[in-house]
Amino acid sequence: MAVRVAVAGASGYAGGEALRLLLAHPEAEIGALTGNSNAGQTLGALQPHLLPLADRVLEETTPEVLAGHDVVFLALPHGQSAAVAEQLGPDVLVIDMGADFRLKDAADWETFYGSPHAGTWPYGLPELPGARAALEGSKRIAVPGCYPTAVTLALFPAYAAGLAADEAVIVAASGTSGAGKAPKPHLLGSEVMGSMTPYGVGGGHRHTPEMIQNLSAVAGKRVAVSFTPTLAPMPRGILATCSAKAAEGVTAESLRAAYEKAYVDEPFVHLLPEGRWPATASVYGSNAVQVQVAYDEAVGRVIAISAIDNLTKGTAGGAVQSMNIALGLDETTGLSTIGVAP
Amino acid sequence: MAVRVAVAGASGYAGGEALRLLLAHPEAEIGALTGNSNAGQTLGALQPHLLPLADRVLEETTPEVLAGHDVVFLALPHGQSAAVAEQLGPDVLVIDMGADFRLKDAADWETFYGSPHAGTWPYGLPELPGARAALEGSKRIAVPGCYPTAVTLALFPAYAAGLAADEAVIVAASGTSGAGKAPKPHLLGSEVMGSMTPYGVGGGHRHTPEMIQNLSAVAGKRVAVSFTPTLAPMPRGILATCSAKAAEGVTAESLRAAYEKAYVDEPFVHLLPEGRWPATASVYGSNAVQVQVAYDEAVGRVIAISAIDNLTKGTAGGAVQSMNIALGLDETTGLSTIGVAP
Amino acid sequence: MAVRVAVAGASGYAGGEALRLLLAHPEAEIGALTGNSNAGQTLGALQPHLLPLADRVLEETTPEVLAGHDVVFLALPHGQSAAVAEQLGPDVLVIDMGADFRLKDAADWETFYGSPHAGTWPYGLPELPGARAALEGSKRIAVPGCYPTAVTLALFPAYAAGLAADEAVIVAASGTSGAGKAPKPHLLGSEVMGSMTPYGVGGGHRHTPEMIQNLSAVAGKRVAVSFTPTLAPMPRGILATCSAKAAEGVTAESLRAAYEKAYVDEPFVHLLPEGRWPATASVYGSNAVQVQVAYDEAVGRVIAISAIDNLTKGTAGGAVQSMNIALGLDETTGLSTIGVAP
Amino acid sequence: MAVRVAVAGASGYAGGEALRLLLAHPEAEIGALTGNSNAGQTLGALQPHLLPLADRVLEETTPEVLAGHDVVFLALPHGQSAAVAEQLGPDVLVIDMGADFRLKDAADWETFYGSPHAGTWPYGLPELPGARAALEGSKRIAVPGCYPTAVTLALFPAYAAGLAADEAVIVAASGTSGAGKAPKPHLLGSEVMGSMTPYGVGGGHRHTPEMIQNLSAVAGKRVAVSFTPTLAPMPRGILATCSAKAAEGVTAESLRAAYEKAYVDEPFVHLLPEGRWPATASVYGSNAVQVQVAYDEAVGRVIAISAIDNLTKGTAGGAVQSMNIALGLDETTGLSTIGVAP
């Protein structure tokens, strides 16, 4: 089966990561690559790590260029995906790595993004209950945000099992690639090396409603989320430290059992043995997720921690995983669980 | 006024930082330097950044070597300070940068450190209500832990003003120097660069009871603390992200007013203007503290964040600040609020 | 074709990288894993990024444990490979990632390593003239050192074409994984982050005679090498900046033509287009080599620069590439030219 | 003595570093701060590490604003200093941290900068023979480039003593702050962390003629320079690895004697004891220079290596040092030789 794939937005970090993974995918054939402001440049100049594509030239993001592919990955600024998707026809599998189609609640979208809601597509987090069924055969996929991926996978087993109360407090550290490739002073190497700093504090980060949506769905009740993202001096990786009041009667054993049940058959989620904790280096460049959970008896809280690579499982790897499901391929095709470490 | 100062444990990070600061202190005269396993080596080999002391030779930590000083800084493994302090006599100002004399509750000490409690000394966090009075003229000072310094300064104004409920959830990121200079595989550069990882999860970190002690004292009631430390890929710095349920009736304005009141006269604590957030790079190598606070209305939580340099304000700078108070010097003598950035 | 592979020294960086690559190799089946001081521990504890091997337990490095494999990778301290190899029998392909069998000149070995010379095996740098023929069908392979790999690939085309005079001046920067996993104070994250420092200055680095051996062989005359290695604040990667006086009549065009000729058919070496320069990030985790060359007319020198991943092409990737040749597999089997960036 | 100082270009890295040092200078009083594109913003927003100046507002760079100061530091893009300096009058000490007045040879200037030569001012590298005399009482100072500072201090004693032949080969690694604060994609943290890459290869870097000028002056003959700069993943620091053929009869002892003679009375240059090598971390944030020299007998080359902080000794520290001399102050006033490490 040869799947012809185009990537719109191939000059940025999400688009580049999609290409890195698709190059290793045995069924994918890389077709058109687009990037408006960089159209005409070679990929060798823009993504020098993608050696096999060094001579490929970026084209404009137009319907003509994107026509004739089985799958189109969109790595566009938010608000631009709907217009492109409409022109692609219902038989093309469109995978949006942006935010446009993640939220179900139009009011949430408008509050956090300040523009009209474009709609909701099947949500590409296969590990969530019911998600795989919605993805199978689908022609539209909304890839989750990187933080919601890490946070949801850290916490949902506790909520699904009724072991956590309805407020989660989350502090996550992200590598700088999560902030994209557009050059801004605070993202300069000189600024980020040696520094940790928070942003979007106090509930303002756009990924917050997506976390609430995911956790509330599995909990069967509204879960409130206090989310503080921080920028860490590393190129890749998210470490999400999450906690919630434990429900009545929770024990370390019942907690662990819930996580074992949730992840026993998951190919990408590794519930670590007791006593070991996730590290972003261990999942560098891979689609793996490391998860660990503890019960802090002194305060009666569930502490759940996950590590992912924000560009792989958090963006393009999650996208490829969902593409595999949608196309009826083995879910792990072309995806690795082996990190590049040290 | 010439103050003759000895440093016991001058080969490690805390001792080295004390020397860095004392070299810039106009009243300090650096006397004996000791370090048991490194006795006989030059400081030039062990602390090559301390150029003016390059030819000084480390001696054994004995009463004879430490005799004849006005002030002795102890940078020793925990459990060793009491024995050394006893031999120094009551007229010598002994400043313990280790943990031995921080906790008031002997049971807490024994639970977390597994050895008999040595006692309690005046606590060297001058910004805490009542702390300065206890330090003035004191001949014994227990320097706070680095995490408790960051966390207490982030949160205590909220507790002092009755604006935060009695459980705090804290996630802090620390530079690797906080883990000391003894070589261990997980602290190798190859391991830490590019990685974030938690440790001491679930309430086990030894700094937890110290945070509880500080916050409970200002709150006038027992405050529970959920504390998760993480190791960040940077040599120095702590970013502490702290939150607690807001008390009834809290507003963004009342919160800010409480912090302004707490810090208006503090020479080292900088409450940032609204909209700006602490960054560890901004306080690199300085005794300054950056603090910011927000009220997250959607979840009803106070979010307070601080950045310090773990070796300076978090250890040796806090020690010098307290020394200044104890000796009747201006509290800021020899201490800078200017970070080395970028 | 299923090739059963054992790795002796699986707990270190070279052994771990070999396993990372072998896990992705379609013909390799991973057999025994050994590591003397860590025998009995799981690979999950020692190499947490190798998720599929997390439950495998390290055994002692004994003939019994290593028996029954088609290929044995040795990642041992220098001086230990000969004894292990002898016990393995002549039909087993033994691939030594250590230094023991690289040098042809016994006196060089004794001068730089201070022990008796063990012998010389076919040299696993397939890009060198004549190297492939010696590797085909061989049962013993000496994997080049990481610096000699980078330096030889940067410079040999100039020497092979007679375009460079007989003294090369080389300054190379290496990531810290090149220094191994044994914990030493100067390799702590606190020490290496934010710092560049040289070592082995003045001709003392053990990789120097290997560079001389390689360059002299292609030049057909003795080439002298001034080599200064530096430690850079990154986990992986070598950037080798090499120069030599240009021979009479050299032009930028003749130089480029020599490099194009040398590398036109090489699957792993990418001679960059003019105006672009190698970056270690572009080859992170891959077996690719980026090379660029310039002629500095003002001083009449050839400047040749290469970037490799020291653990991949510089160690375990080069080893797998040579294994493929020795076994008659396609040379690129299981090896990627795609870097993990950003 | 109160010296009123203005800084033109206070929002960039050089200007910020000048302010960091001037804040610690006992005779300096900080006056006007300018920055054209950032005029109207507070320094707290632009340079958050300079806490004592947080509320100062940047003004436009006009003659009126800069009037009334004893000293004006210029941290402007090259080509802009002459026009500003002309308006300041001959009694004001003008210290140009840019390139405009460094080169004596107008043709060199025009070749490397492509604009008319503005002139030559006394050169602010006091360690060079004759430099102090030219600086004393001067009202104009050209601060050396960061690379020329590191390279000249590494090599000039060898040339001054006639111990090195007339071609130097230099490879230097610089922290990213050397590239300035203007955001460009290749300077993003995501790009620089984990990567080493060269630039300006083949003789094109603008600092090359300045090195030739300095070394030729002390050698009394034209010295050719092959210079390759590389960008290292750290915010600050330059490590310069320099070598040259040794002159006839050079020995390790004669070499060391030349360096000892050159630096015995220099307050900022630390010739390391034999066996120890410079590290940029050791001079982080300080005006110190670490130098070491070796004789590689096998190739007959002098290897000289220096480490500086590119922003301190390499820019603003060197500027303050020269200011002190020009004003008749002790040369070390307000300058530290203590690095911020680890």
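Going by the order they are written in, the chains are A, B, C and D; count residues from 1 in each one.
The rule is simple: a contact is a pair of C-beta atoms (placed from the backbone, for glycine too) under 8 Å apart; a residue touches a chain by one contact, two chains touch by 3 or more.
If you want to know which protein each chain is, UniProt gives these names: A, B, C, D = N-acetyl-gamma-glutamyl-phosphate reductase.
Only a predicted model underlies this, so the values are computations on that prediction, with no experimental measurement involved.
Two copies of one chain, chain B and chain C, form a contact in which over half of the residue numbers belong to both partners. Taking the mean Cα position of each chain as its centre, B sits at the greatest distance from chain C. Relative orientation of chain B with respect to chain D corresponds to a rotation of 180°, obtained by superposing CA atoms and rounded to a multiple of 5. Centre-to-centre separation of chain A and chain B, using mean CA positions: 37 Å. Remark: chain A and chain D have CA centroids separated by 45 Å (rounded to whole angstrom).
For chain A, the set of residues that touch two or more other chains comprises 13, 175, 177, 181, 188, 190-191, 193-194, 233-236, 279, 281-282, 284, 342. Those residues of chain C lying in contact with chain A across their complex are 13, 16, 20, 23-24, 44-45, 47-52, 54, 177, 181, 193-194, 235-236, 270, 273, 276, 279, 281-286, 288, 290, 336-342. Of all the residues in chain B, the ones that touch chain C in their complex are 13, 175-177, 179, 181, 183-185, 187-194, 233-235. On the chain B side of its complex with chain A, the touching residues are 167, 169, 171, 173, 175, 188, 190-191, 193-199, 201-203, 224-226, 228, 230, 232-237, 239, 241, 243, 277-282, 284, 292, 294-299, 301, 303, 305, 307, 342.
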